[in-house]
Structure formats: C-alpha cells, structure tokens
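Some structures are shown below for you to check.
Each of the two complexes below includes chain A, the first together with chain B, the second together with chain C.
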Partner chain A sequence: MLKCTINGKEVEVNEGTSIIEAFKSLDEDIAHYCWHPGLSVAGVCRLCMVEIEGNPRLQIACNTLVTDGMVISNQSEMVKDAVKWGLDFHLINHPLDCPICDQAGECGLQDQYMKFGQYDSEMGQQKVKKKKVVDLGDKIVLDSERCILCSRCVRFTEEVSKTNELGIFNRGDHSEIGTYAGKPLNNDYAVNTVDICPVGALTSKDFRFRQRVWFLKDKPSVCTGCSTGCSVDVYFNQEGLWRVKPRYSEVNGYWMCDEGRKIYKSTNVMNTEFVGVRGEKKAVKVQNRLTQAIHRKDNEVDYFLTSKALENLREDLKSVDKAALVLTGQYTNEEYEALLSYWKSQFKGENVFHWTNHEENWNDFDGLLIRGDKNPNTKGLQSSLEKHGISVEKDFSKLTQLTHVFVAGPENQWVYDDINTKVDIFAKAQKVIWFSAGLVPVSEDLIGNFLFIPTKTFAEKSGTFVNFEGKEQSFEMVESFVSQALSLTEIVSVLQGDSLTWHKPEQVERVHNEFVHERGTM
Partner chain B sequence: MSVIKVNRPKLSRTWYLPGILSGMGFTFKTMIKNLVSQKKMPTLNYPEQKYDYSPRFKGNHVLTVKEDGDIRCTACMLCATACPADCITIVASEDEDPSVEKYPINYEIDMLRCVFCGFCEEACPVDAIRMGPEWQTPGKNGDNFVYDIKQLAYRENLNQGQGVKSVVEDTERHNFGI
Partner chain C sequence: MEVKLLSEHYGDDNFKTLEGYKVKGGYEVLPKALKMKPEEIIAEVKASGLRGRGGAGFPTGVKWGFLPNNGETRYLLCNADEGEPCTFKDRMMMEKAPHQLIEGMIISAFAINSPKSYIYIRGEYTYAAKVVEKAIKEAYDAGYLGKNILGSGFDHDMDIYRGAGAYICGEETGMISSLEGKKGQPKLKPPFPAVQGYLKKPTIVNNVETLAAVKYIIRDGADSYKKHGTEKSAGTKLFSVAGDVNKPGNYEVPLGYPLLDLINNECGGIKEGRALKAAIPGGTSAPIITAEEIEKATLDYECLAEMGTMLGSGSIVVMDDTRCMVDMMKVISHFYHHESCGQCTPCREGTGWLHKLVSSVIDGTASVSDIDLLCEVANKMKGRTICALSDAAALPVLGIVPKFREEFEFFIKEGYSKVKGRANA
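Let's turn to the complex of A and B:
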C-alpha cells in the first residue's frame, strides 16, 4: 500500500494505481476526456493536469503512477491555468452547435468550460470545417466537427469489442474519426461508443433528438434483455423511459450490448414514430402497453378496470379446480414465489408449463456479455419451481384439454418469435387469462376467449432477478407509468381477496454523469 | 366598573349628504369638462380607438423565418426549459439536409397558460422566437388557444402569411462566427 496526499486529504492506494484513479477513489473532481476506467490510457486530452510536490512541471494524472508519499493537487492556479488553455485548444475547431447537439447537458466540454474556461477565444483563424451528420451504420451518427479526438471510441472498438472499425484519419487539425473504407460501425456493442464519447461527436440514432437530457432523470435498474443481467441506468420522464445506459458492476463492467438498450420500449405506453417527409412530417404515437383489462371473446371486445376484472375472475375461479399455468422467465423471484404458492394451494401445483424461447441456444455466449437465454430470470423460475416441488411440462398440446389457462406472458415480446403460434394454441382453451405488460398480438379473426390483465414492467416494480451464474440482483421501482398495471404478486393477493397498498417511488435528483457534477440554478 | 367616554364626531361630519353632493359635483364638473374639450379626455373609446403600445410590447409569440421562408427554430428546447408556465411543447426531428440537421416538426404554445414573461425570447440562441405586437386576440367558447407551428410563424396578419424575418440575417450571423 502506498500513502499519498490528494488536495490535502490522505489516501492509501495499491501499488500501480494511477493518480486519476486515486482521485476517483476519493471522489475528488478532476477534468478528463480521454481517460476511461474501462480502457487503456492514451494521455491525449492533456486536461487531467496535476501538480506534484517537488516536480517543477505539471503531470497528467492518467499516465502517472502514485508513489509513496506523493503530495498531489489540482487546485492550484497553475493547474487551473493549464486546464483552461488546454480547453482552448480543444475548442479551436469545435463548432459550438450546442443547441442542436444531443450531448448538451451531459457534455464534458460544456461543463469544463463553465468551470475552467469562460473566456473569448483567442484564435484568429477560421474554424476548420469537417463532415457533419455522417451515417456510421444502423445505430450511430458521427459529427466530425464536434470530435475532440480523445480516441475513446477507437480504443473501445480495438480493446473491448475487438472489431477495429474506427480509426483516426489525416493529420493535424484535419484529423478526424472515421471507419475504414466506409465500413459501417454495426457491431453488437457499438452504442457504447456513444456513451463514452465525452462530446456530441457520436450520437445514437435511437435517442437522437427525442429528448433533451436535462428533462430526464435516471435511476439504477437491471437489464431484462438476457440472462447476463447487466446493471443499467434508465433515463425517464413522466412520459416514459427514453434510453438505457450501462452502470458499472462486476457483472458487466462498464458496458452493455445494443440489444439490451431496446428494453425501455416495453415500458412505454406510447411509442413515437415519425411519418412523412419534411413539411408534412408528423409524430405518430402508437400504443404499446395494455392500459386496462380487456376481455376479448371471438370478435367482441370489452374493457374493464383491472380491479373489476380480477374480482370477476375470483368469483369465476371458485368453481374451477383444474387449470393450467404457463410461465416465462421474465418475472421476478417475488412474483414467482407468490404465484406458485397460490397455484399450489388453489390448483395443487399441477399443469405448470414453461414457455421457453430457443432453448437450444441458451448456453450460447459471445465472449463478452450477450447470452443466448433472452430471459432475465430463468434461473429464478427454475429454483422457485424446485422449491415448491413442481415439475414443468413442455408438451403444449395438453393445454387444450383444460378449461382455464393462465399465461404469465413475456414482457419483451420481441424475443419470443413463436408468440403468434402460441396464441393460436392457447386460443383452443375455454378461457385464457393472459398477464401481459404489452399488447398481445392477437389477429382479428381468431376465435378464442381471452382476458388480458395489464402487468408491470421491470421499471414499475421492485424485485430480484437471478442471472446466468446464480447471482441475485435486486432492483428498485423507477416510476409508475400505467396506473392500472399490477405485478403478479399484487394480482395474486387480489385473487386471494386481499387489498393492495401503493408504494410511492423514491424521488431522484436530475441526471448526472462522469462529467456533470453540479447543476446551475435558474 | 369604569365608564369610557367615547368621543363621537359631530352630526355634520357623519351625515352622508354632504359627501354625496361633493361627489356628484365632481362628476358633473368632469362631464362638462369632457364635453367642452374632448381631446383632453383621459379615456379611450375602445374598441373604436386603440392605444398605441411600444414596439417592444410583449404580445403573442412569433416564430421568425429564414431567408428562404423556412422556420428558423432549431428545436434546441431552451425556450421550453426557461418557460416558467411550462406552456411550450416542441417535437424535434431530423432534417434530410445536413446543414439544418435538427428542426421542429411541431411547436405548440398554450396561450392561455402563457404568462407573457418573455423568457423564451431571451433564452433563444438563434432569435427564432419573439414576442410580437398583438395582444388583442379574443376567442369564443371552444376556440383553440394552443397555437401550432403554422399559426405561430405564418398567420395572416404577419407579413401576409409569409412569416417575419429575424432582424439579424444569416450572412451577418456567420460573419460573427456563430
């Protein structure tokens, strides 16, 4: 262990720790763009300057290791001056188009400028114009003018995704980021480059221009995209979720896959699509969630309050003693526990089916994060079934002999590509009670008796997922978006005749990230 | 037990008639003054006559247009951020033209919520929203007071529906380097 002093505070660090890591361990602010804890050290932005006692020149904190008894400071006038003029060099060719830049509000340059800069540029020359709105494939747009050449994205494709699409081309002030021979940046982890970009040079097509980040709040959660269970931050406002970003944990490091970023779509009541060309372009809202209970018998559709529908169902079930339960691995441990113990007392734990998707691929792994099992809680479901001594059946043709079929359907419906054939199978039962967060794709002319009960998505409930390696990960409720949606736990307690209590979600501070530490006041 | 002596004013001061008469006298005096010299009358015969407000009056909002008549707004949402009444709703979208990049496909101001503080005008970095001269925009029951982008930029009484150009031209702005 080495002892050092940072801004007057003593700290002990392991041998081989860089100064910037020591700063981070103390939660001391230090300006930096190119250094990222998950990437190698480049030392190109020259902003993490620190003064070390006994050393006449300033050093960069990211590439200097702590030695015993080092006295380090980044509060002195000399450091502030160095950072200030380092920033001036970064801004020489920066277009300052913050009003149309998606990064505004969580931008390294903006924040450092307000902290260290606040001067008029001393550059007499015209700014060098570079390419704007460069299409880098299906997910990402590049703006070369905004880029400050920190090389984070280049190092990401080199070291983490190991796909090597990006590089820095040309020399001097004509240097810019690009892909080799126009090859698209379409790897499975490409949007991570948008997250680590300290400026607005790389922007995500999915989030581009949808919201300004200062209208959003963020809360930690767990990704429901696959059985890896990455820790994520979800960004939301009262309309719904807008994007998902990775949060550091031992499971996923600093990254997440692009597929997992889709999970926010299952939560939103309305998804916005843009239709038409310039002049007549319109934002069309398409309903995505079940907002109330729907009873659909053949072609007749009735709408109910969820509570009313569940009360009717409770009366109905008094005369039923044989029913089937279809489970998917997309619910929390708490919900499985409640539902299975209810099933055991009511229906003797018989006829439980496990609806799986591509079970043959479940052990697939791409070497980084993506796993073949696209359910967040298959392990939790299996251990709950084991605990209650319930054996699952997989032959869905048996379902047709039963009168009542309960389906705890998938929340992320896009990973269940057999959903339409399953709907046809379930329709043969006398009555199907389907718990679902999203609208279930039932074709108009299908003959069947369906009761759809709206359930909560991962963002609206608290619970626990067990990931592929058996690690239990708890997450808290983010916000309530559909007032009538209930979790399976709540549905079970209503079916047993209990009343419900409502938990108010915890209020959170507005968005912050590695660059934005404090907010201005109006 | 004690007795408090109350000083009651004299009858001549509490009686209402002298006050009424002096008030009527003032009314008649003013009426005769107005009949004799109408120009000095302090009131206006609204709505036949209207008061001239300062050109800097903060009336209904105007979205200014560019040289080519297109909307100037870049949908940066700083006005919506600054708005204390939360009455501005903007939907931004991507333009096919990379030199425009971002533009609003809808821009709505709820005129009934607006408090006409002018913060939107001050917040705008590209001079795209201004408080216009109109203030007399009554409506009937059920009229729409949520002005959409067409009404804010191209309403009939603004330059015959052509839109108002912002004072600072694009070329001049580029000379400034912004």
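Let's turn to the complex of A and C:
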C-alpha cells in the first residue's frame, strides 16, 4: 500500500494506482474527458492536470502513478488556470449548438463550463467547419464539429469490441473521427461509444431527438436480454422507458450489448416505429402492451378488468383437476416460487413444460457479454423447479390432451421466434390462460379459447434474477406503466382467493418534470 | 573559425562512395571500436560531453545509460526526419557523407548492443534516401554490416525507413509510432523509449549529427573532442544558416562561437549591406533574438538558454531590416497549425487559434487587445501537452510578439506593414 495526500486528505492506495484513480476513490472532483476507467490511457484532453509537490510542471493525473508520500493537489491557482484554459481550447472550435444538441443536460463540456467557465467566448475568428451529420452505420450518427477528439470511441473499438472500425483521420484541428472504408460501425457493442462520448458527437439513432434528457429520470435495474444479466440504468418518464445504459458492475464491467438496449421496448405501451423508405420515413405508433384482460374465443373478443377476469377464472378452475403449465425463464424467482407452490397444491405439480428459445445455442458466448440463453432467469427457474421437486416435460404434443393450459409467456417476445407455432399448439387446448406483458400475436382466424392476463415487465416489479453463473441479482421496481398489469405473484394470490392489494399511492406517483442536472458522462 | 570534423570532406564528391570514404580514412575507426568493450565506448561518449544535436541537447551517453538490462532486443533509431524549418545539416551529411553516419551508427549500435537499426529519413529527402540506401548496400557488401562484422562476432542490420512528410515524426515517440506503421503521433511518457520504445522494446533515438560525431569521439578520444567548444557544450556543431546573409549554408564551428562572427565572417555579412534586425538561433521553434542580443550571443546551449532562447537544431535564420515581423509570425504560426498532430487539445486547437489571430492582424480584423490574447494563448499552450510541438508553436510567438510589439500595433492601427510600407501592404 502507498500513502499519498490528495487535496490535504490522506489516502492509501495500491501500488500501480494512477493519480486520477486515487482522486476517484476519494470522490474528489477532477476534470477529464479522454480518461475512462474501462479503456487505456490516452492523455490527450489535458484537463486532469494536478500539481505534485516538488515538481515544477503540472502533470496529468491519468498517466502518473502514485508514489509513496506523494502530495497532490488540483486546487492550486496553477491547476485552475490550466483547467480553465483546457476548457477554452476545447470550446474555441466547438459549435456551441447546445439548444439543438441531444447531449445537452448530460454533456461533459456543459458540466465543465458551469463549473469553470460562465464567461463569453474569446474566439473572435472563424471556427473550423466540419461535417455535421455523418452516418457511421445502422445505429450511430456523428457530428464532427461537436467532437473533442478524446478518442474514447476509437479506443473502445480497438480494445473492447476489438472490431477496429473507427480511426482519427487528418491532422491538427482538421482531425475527424471516421470509419474505415467498407467498415461501418455496426458491431454488437457499438452503442457503448455513444455512452462514453463525453459530448454530443456520437448519438444513437434509436434515442436522438426523442427526449430531452433532463426530463428523464433514471433508476438501476438488471438487463433481461440474456442470461448474462448486465447491470443497467433505465431512463424513463411517465410515458415509458426511453433508453437503457450499462451501469458498472463485476458482471458486465462498463459495457452492455446493443441487443440488450432493446429491452425497454417490451415495457412501453406504445412504441414508435419508422416505416417507409429513406426520405419518406414516417413515425407510426404501434401498441405493444396488453393493457387489460382479454378473453378471445374464436372470433369473439371480450375485455375485462384483470381482477374481474381472475375472479371468473378462479370460479372456473374449481371444476378443473388436470391442467398444464408452460413456463419461460423470463420471470423472477419470487414469481416462480408463488406460481409453483400454487401449482403444487392445485395441480399436484404435474404437467409443467419449459418453453425455451433455441436451447441448442444456450452455450454460445461471444467472449464479451452476449450469451445464447436469451432468458434472464433460466437458473432461477431451474432451482425453483428443483426445490419443488417438479420435473419438466419437453414434448409439447402432450399439451393438447389437457383441458386447461397456463402459459407464463415471454416478456421479450422477439427472442422466441417459434411463438406463432406455439400459439397454434396451445390453441388446441380447451382453454389457454396466457400471462403476458405484450400483445400475443394471434391471427384473426385462429380457432381457440384464449384468456390473456396482462403481466408486469421487469421495470414494473421488484424481484431477483439468477444469471448464468448463479449470481443472484435483485432489482427494484422503476415505475408502473400499465395499471391493469399484475405480477405472477399477485395473480397467484388472487387465484388463491385473496383480494388484490393495489399499489400504495406513493408507488404509482407520477414522475414530475424534475430537472436532472449534472448527469454527465464523466 | 570553422573547425571541420564532420564536414571536412563535404567538398569531395567521391566521399559519398565507399571507395572515396576509405581513401580519407573511412571505416578505420570501426575495427578499433569493435575491439573495445561496449561500456568503454559509452564511457568515452559520456566523457566527451556530447549532447543530442537534434534539438533537445540531452547528453547522449546518459541517454544510452537509461537502457534496462533485461535481455530484450534493443533498437537504435537514427532520426533523419529533419523537419525543423530552415534546418538542412542532416540532409547535407546524408548526401555528402553517408558512410560517416553509417560508421557512427555501427559503433553506437555496438556500444548499446543493438542488432538492428533504422534510419528514419524525412519523406521529402528523396536524394538523400537514395544515397544512404546505396551506402548501406556498399557497407553490407564490404562486410561492415550483417553477420559477424569484421570477425568481431557482432551482428548488425541496418535499414532506411522513409517518412511521409509529417514534422511531428521528428519527435522521437512520434517517429516510433510511424515506424510501427501507425499514425505518427507522439506517445505518452513514461514509459520512455529507452525502456519501451519501438515495438515496446528498449530503443535509443539519436540525431544524424550525434551518431556521426560518435565516430570522431572514438577516433580522437573524448579529451581531444572536448578541446572544441565550451566546458558544458563540448565539441563542434553544424549550423545551417539561412536568410539574409551573403553566403547561406552549413558551417561547422565549435560550440561557444560568437553568433555575430558566424554571420559576418563565415556567412559574408548581411545581404546588400543592409542592417541586421534579428535572428532565430535554433530553428523556428526557438524564440527570436534582436540585433543587440546577437552581439552578445555565443552559440552554445547555456548562453542561448540564458537569453531565453535555445540552440535547438542549429538552424539560424538571419533577418535584415526589410523583414516584417508580422509576416514572419504568420509564416511560422501557419507551419505549426499545419503540422500539429491533433492529439492534445491545447496544441490542436491552440496552433490554429494562433495562426488565425496573426492572420487577423494582416487581414485588418484584429484589435490591439488581440496582441495580448495572442501572447496569453501561447503562454497557456506551453508545457501542457504530450510532446513539445505545442511549446514549439508557442515560443516563437512569445519571442517575436513582445520584442516587436510596435510592428503589430502599427499594422493593426494603420492597416499596413510598418516595415514594408503602404505600397507593399
């Protein structure tokens, strides 16, 4: 261990710790753009200047290792002056188009300006003009004028995704980020470059111009995209979720895959889709969620309140003694526990089926984060089944011999590409009780007796997932978006005769347009 | 008085061939050196007080001493990317006396136990590259390069590598990046090249003139070499004199030689008898000195440092009284704007800003307060970047602008150059 003093505070750090890491461990303020804990040191933004006792020259904190007894400060006038001018140099050719910039509100430059700047520009000359809209690929757009050339995105494609699409082209103040010929930035982790971009240079096509970030709140959660279970932050307002970003944890480091970022779509009642060819694209709102209970018998459709539908079902089930249960690995431990206990007492724990996405691919792993098992809680389901001594059936043809079939369907329906065939199989049962967050794709002419009960998505409930390596990860409810949706636990309690306790008022309190400041990307 | 060690045979056209070189005693030092112990050579170079001739003036023997003893392959790189404006001493050496460089390099490589060296030649030096390439081939054929050189058991290979025209590749870590096939951008230090350089192996980068001088130090001994020059600035140095003198060119004088003598005697005085106005003593990166300062200036590291400027690469730009300093400043700041690699923010943005500010003086859009801004921007660029290019861009501003402030003020107020007058505006 090494002892050093940072801004008058003594701290002990491990050998090999850089000064900037020591600052971070103390939660001391230090400005920086190019340094990122998940990437190599570039040392180019020159903002993390510190004064080290006995050294006449300022040093950059990111490339200087702490030595024993070092006395470091970034409070001196010399450092403040260097940081102020560092910011000036960043800003002289920056377009300062914050009002139309998507990064406004979470921009490193804005944060620094509020801290150190708040004066008029000293640049009286023409700024360098660069390209404002550069299409880097299917997911990302670059604004070269806003770019401060911190090289985080370049280093990400070199070191993390190892796909090397990006480079810095040209020289001096004409330098620009770009992709190599024939190599668009379309790798599976590309949107991480948007997250780590400290300014509004890289923006995600999926999110840009959709929301002002200061009107969004964020809460921590766990990704439901696959069995890795990355820690994420979800950004939301009263309309729904708008984006998902990775949050540092031992599971996923600083990153997440682009596919995982889609999970917010399964929560929203309405999703916007863009249809048509380029130039004539139109935004169309498409309903995504099941908002109330639906009874659909052949062509007749009836709508119910969830509580009413469940009470009817309870009466109905009194005469049923044999039924099947189809489970997917997309629910929480708590829900499995409630459902399987109920199943054990009501139906002796028999006829339980496990519906999976391509099981033959479950061991697939891309070496970074993406796994073939696209369910967040397969492990949790398996241990719950084991605990109750329930063995699962895989042969779905046995289903049709049973009168009632309960389906705890997938929340992220896009990973279950056999959903249409499964609907056809289930339709042959006397009655299908389908718990689903999203609308289930049932064709209009299908003959069958379906009762759809709306369930909550990961964002609307609290619970626990167990990831591929058996790590239990609990998450909290973010916000309720469909008032009629229930968790499986709540559904079971109604089926067992309890009355439904709705959320307490404080839990469904709406998000106010509260200004979220200094979210930053530092 | 000129003292010719390195440039003794520049006049002999045959000297660039192996045959001509051998007639004048070429490759006679190499067998002697190969019989010495490597440590003895390093000690001799240290004792000679030889300092890096590329610009920084770092003691060569000390630099060699930084190599770690970890058994890793060591590389010797010869920095022939002579990009400092107005410097042409290395070019002439490569064109006139390539074998002198090669011999110096083999001796140096033997001293630091390096099996491989590269000569990184500036892209524009097409002819020099051809001459050096031919000389290397001759040296291979004669057994001075390759396996078991002169039966000593020492193996050494040498190659040239041609730059693509970037000034920044003359910075040692920028050069290493370029040699590795990357964009020529300086690397963060630490680690220093001596510890982790080319291909992450211990690497020594020395200037052409430095490596050639090693040959003469071994030939004559450190004591004899030290007889030239001053106590702290030992030896002779090649100076490229350009500008308003009657006889511009390369001159080899002992360090500590008075600058005014070099201008008036060796270079034949100022053109057409005009008056001396100022000179830049060490390439455009060095701050300017005025005519009064020139009178007191001697060409050594210490005297020039005391005057707030530097010896640098040893290229002297002499200006007479018809030179407009605003023009001069614009040309210089344009160069650094063009050559900044764009890595560190203060340099990337600052060099452009300086250029635009100086241009605005000439365009007539500047105000007097912009002169202070110019100096302040330059001040804030200094010492805050990975390499010294930012300083190189800032120092000329901090030299020229305060010393010739009235010319800038005149230009801003009147709209034309004080020196050239309205007609030439």
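Rule of thumb we're sticking to: the second predicted complex is superposed on the first by the 485 of 522 C-alpha atoms of A that agree within 3 Å, B and C clash if a C-alpha of one lies under 4 Å from a C-alpha of the other, contacts with A are read in each partner's own complex, and residues count from 1 in each chain.
Everything that follows uses one rule, which is that contacts are C-beta pairs under 8 Å (C-beta built on N, C-alpha and C of every residue); 3 or more make two chains touch, one makes a residue touch a chain.
These numbers were taken from a predicted model, which means no experiment stands behind them.
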item: Partner chain in contact with A:100 - chain B first, chain C second, else both or neither; value: first
item: Chain B versus chain C as contact partner of A:46, first or second or both or neither; value: second
item: Chain B versus chain C as contact partner of A:282, first or second or both or neither; value: first
item: Which of chain B and chain C A:209 touches, first, second, both or neither; value: first
item: Touched partner set for A:85, first chain B, second chain C, both or neither; value: second
item: Chain A residues touched - chain C or chain B, whichever exceeds; value: C
item: Chain B versus chain C as contact partner of A:128, first or second or both or neither; value: second
item: Partner chain(s) touched by A:171 [first = chain B, second = chain C, both, neither]; value: second
item: On chain A, the residue positions that both chain B and chain C contact, one per complex; value: none
item: Chain A contact footprint on chain B (complex, rising order); value: 74-78, 81-82, 91-96, 98-99, 101-103, 105-106, 125-126, 177-178
item: Footprint of chain C on chain A - complex, ascending; value: 41-47, 49, 57-58, 63, 81-82, 85-86, 88-90, 92-93, 122-126, 128, 148-149, 167-168, 170-175
item: Of chain A, residues touching chain B in the complex; value: 96, 98-100, 104, 127, 132-133, 208-210, 212, 214-215, 274, 277-278, 281-283, 522
item: Complex interface listing, chain C residues touching chain A; value: 166, 183, 188, 190, 337-346, 348-353, 356-357, 359-360, 365, 370, 373, 380-381, 383-386
